[in-house]
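Heads up, the next two complexes both have chain A, just with different partners, chain B and then chain C.
For the complex of A and B:
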């Protein structure tokens, strides 16, 4: 449509038609766009302004310049939350991708009960998060939980205290979140695998390539667009993690699993410091933006 | 340029809000005819005291009808803050805690009700002190919960241990050790400490005279070592399990898994209901909170709940009438009858408190004079300090920080991050 419009000689009549087409187009996206604008775009824009103010939602906001950012950089809880978010991302991103790819490869074979297994793997993702957190907390129970009982049975002398200790609560959260998310990304990988032409493998077979060579030289390169998409999605999800941590550990013990989005919630919604919490949101936004842009750059270079 | 414009717009909007909130001089025309009084409450269904009060009040004042404004308990503070900021005219506001009260009163959103306090007599109202703002009262407490020791008489009798009548913490510890064991294949803990920080910190502050807002928390040391000794000795369920499994203190006590439990008086109506409903068969009693030294006046902690009148109310006289009723003897009897501890005390009120077991120790626990220290003192820093104390409490209780280290971190964070 757009091409036709540019190619045609510019006459008043066609300009009117172009405008009408544009209007029709706009009217199609309008219902969705209004919701997006009112609920996402405007609040996001507002956060950029509020971050430079002191505002408790009751008194008039006060312009404070960079005070909120200075306070943020001098606040220990912010650095702890930042470190924890990075720790979570560093564990969650690679493990989820590996688990998802592994499952997709396994379930891409023709085996009996394929549909059943695929459904099973997708189940955690559609299960209520609160239920997931409560059940995993039971599994991780240091004294009566099955995980530690199993570890003791295989001869681990001093099994970890999981969510009851600072050192092990983040690994416990990461394990739970990998288990929960892997099914979803597995589906994305499965779609990617199905799209690889069978002829590639046949040709490789003829050339005498073994299974590993086929995987490394055909599967991995052909999956690159899928991997890239999964990577971006998992990265963003990792930095935004909130619900699972709130239900499972509530940031504890102490501040051992406090993450940025939780700090934003506490400072803003609980303490009514909207300026300060907007400043932290901006920091989180920048981090996610930088990571995404860098990943796009790297991907583009590889494609070239 | 653009930035100043946006901020100017935001400021104007906020000022506008504030103005509408403060304007509208209350029409002081006390209607002769029937009046409908709106009262903000939380979780009406699960908080039967409100209905009991309203029914009693309407019966005594047939020309006034109460219209409850029911708000979800978790959102209560935020919701009322927003309502007041928007110039809401709800007549009576329930003050869920003292910190919020101080905030509303200092913003000038509440009506001065010193005359109501005077006519009831400040001496008759437990927990009135924190509502005193330079000699003026903007709210009247009607309920005063305080902490005491619940115990399971059956388990005490079976072990041949005397009931915990005015004991010290040392005696408490040895009783807990004696009562730990097994009954009918079920593990029994000598006591149960719920995972709230107040179980350790507020008791320590009340009984040693320490200040939870001071940034100097050495006074908590003994109470922490007691709590840790009990859990390492297996005489109390460990903190990590209680917290991560979200253990219900009610289940621990009602199923006989704990022989003792320090807890607030709000649980009296809960356990009475559980026994009446047949979900628990525990033979229970209450005793005063254990003390550091024997033979002293009982010191414990607690927190009051109060009613205030909205400055924007259009029925201020009727609203004051409600306050006087609810916080006075009639209201006290109405809520005592359902097992809620009223702030107003008199012999008649104690007699109306039928949910309480009738043994001498339980009755004495209730009626003896005692010093109830406010659970968390009021200041603009209360909530920030509370967060820090919560976090460090967890680390000490799970054993990730030693007691001296944990307390040192509390001191450092509260002084450095909050008080400066």
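For the complex of A and C:
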């Protein structure tokens, strides 16, 4: 040990040492990296290739260029699924963000029982999705469900048929998903709110700003990085929605709630049309990518 | 010599991907003026209403699980069962192989959590405390994959698993979920907050890198390990799509798949369905209540779920 102590500060930057260091460094990363490379990186790369192939489980893969994409663009199910996914995202993204921000603002106060309320709001998020979907499905029961009984009680003449009708099944799914996800993003907003220096608000008080002005001129601008982050995460999550829809409506009634993930599952795993389903996967990936890049751009411009 | 990234962009990217206030401990707000009584009352009323909104579905679930099928939907709504049908909680075990489902869920969750925490924290040490060529490029690749939806590459994964003969085995889901980039990312974010002087000092004392990880870094990051473990456990327990795709035989099914299949087969057995739902949620409730602060901390740090 004495020898090591005298030698260490000299630290000869020899090539052998760097190589040893790299070897040790890689040995740390390797156990995870092998699994990650084989099961994530390689499939990701392969998805790009398979999308240009005609491939099912019975015949060998064959290069077909853009055929899968042409077929996809001419397929009605694809457009319906794309439209429904966009519908879901258009409802889920803003509502979840508003609810999460509202909860965070309410729970960033100096009150008793704060811990209890935060835990409560977070709770739906960790509950198993199947249980959530099953319960809400029953709550939404058009004739006997508590929700419609409540609506009739407050005077709604003809309450919606929710998951049994094509017009109302997507709203039902969106309501359930907002209820489930808001507590999760609330935690992110809370972290953002607590990072705002208290001095800003004190200075605003001195200048005589009211609560509304403080909110618009301090809270909202200070939260911009958090909002940006939440927006990206909610967007990605929205576009890949699957479980909730499969359990609540299974894409129905008809194709009223069929989403892209489900279409990929049906074409790829059920029908074994690997090439065609990979083309849809690629389309989904590109949509998410474009949204993310656009949001990054907008965020950058606002920063400058 | 500090072990920051050779590419400043890497840290910036990691910071941008992590929520802006990462690493802050969420606290009850001890600062700022007290609320005026009128506002305080209003706030409590609002919070009570929201709490009700959160709890009503759970309450309805538990209450229905203790009813007869024909009592679940009644007009007006029966919030408390007139007669408590405890036998639902006995009968369900024979109606569906629920015990097998629970065992499968537990086995998968524990195995995947263990592997994810182990390989994730190990790799995070390499990414944060070691310095070598190619490290930062590799880390960027890790981060980038987190933003790619799983649906984009699940088909090639499935083909690989099919060729390896692993479809319809537990091993397939273990392999798919144990080596995620998420654990590496979460642990690295924590490790970056530990001063490098600590590992430097240990090196001077003659500890090799593996012992530094085991003796110094791991004990220091117990809360992070707990966060990662809990997040991974819950997301594996609740996972639906993975087991749905890979497990076709009944004896491999998890609670989620088993419950969904029960609903599909006996869609009029409302009470029993709710009983199954309650049982599927109980393990998660226990895990959550035991470690809720680690959950919230883990999310506030990484901004991601497992």
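For the reader, a short list of remarks on this structure follows.
Convention: the second predicted complex is superposed on the first by the 276 of 304 C-alpha atoms of A that agree within 3 Å, B and C clash if a C-alpha of one lies under 4 Å from a C-alpha of the other, contacts with A are read in each partner's own complex, and residues count from 1 in each chain.
As a working rule, contacts are C-beta pairs under 8 Å (C-beta built on N, C-alpha and C of every residue); 3 or more make two chains touch, one makes a residue touch a chain.
Computed from a predicted model, the values in this text were never measured in an experiment.
Once the two complexes are laid over each other on the shared chain, residue contacts for A:170 go to neither chain B nor chain C.
Looking at the shared chain after the overlay, A:274 reaches chain C, while chain B stays out of its contact range.
In the superposed model, A:254 lies in contact with chain B only, and not with chain C.
Residue contacts after overlaying the shared chain place A:184 against chain C, while chain B stays out of touching range.
In the superposed pair of complexes, A:72 makes contact with neither chain B nor chain C. Shared-chain residue A:97: touches no atom of chain B or chain C. Of the two partner chains placed around the shared chain by superposition, chain B and chain C are both touched by A:141. Contact comparison for chain A: of chain B and chain C, C touches the greater number of residues.
Once the two complexes are overlaid on the shared chain, A:82 sits clear of chain B and of chain C alike. After overlaying the two complexes on the shared chain, residue contacts for A:225 are found with chain C alone; chain B is out of touch.
According to the touch criterion, the shared surface of chain A, contacted by chain B in one complex and chain C in the other, consists of residues 57, 134, 138, 141, 143-144, 269. Per the touch definition, chain A reaches chain C in the complex via residues 1, 4-5, 8-9, 11, 18, 21-22, 24-29, 31-36, 39-44, 46-47, 50, 57, 103, 106-111, 114-115, 117-124, 126-132, 134-136, 138-139, 141, 143-146, 149, 179, 183-184, 187-188, 190-192, 194-195, 198, 201, 225-226, 229-230, 232-233, 236, 239-240, 242-243, 246-247, 260-261, 264-265, 268-269, 274, 277-278, 281-282, 284-285, 288, 292.
Contact residues on chain B toward chain A in their complex (touch as defined above): 3, 6-7, 10-11, 14-15, 18, 78, 81-82, 85, 107, 238-241, 243-246, 383-384, 387, 391-392, 394-395, 398-401, 413, 417.
Chain A makes touch with chain B in their complex at residues 49, 52-53, 55, 57-61, 63, 75-77, 134, 137-138, 140-144, 161, 163-167, 249, 251-256, 266, 269-272.
Residues 1, 16-17, 19-22, 24, 26-32, 34-35, 40, 43-44, 46-47, 50-51, 53-58, 60-61, 64, 72-77, 118-120, 122-123, 125-127, 130-135, 138, 141-142, 145, 147-160, 162, 175-176, 178-181, 183-184, 203-206, 208-209, 213, 234, 237-238, 240-241, 244-245, 255-256, 259-260, 263, 270, 273-274, 277-278, 280-281, 284, 288, 292, 295-296, 299-300, 303-305 of chain C touch chain A in their complex.
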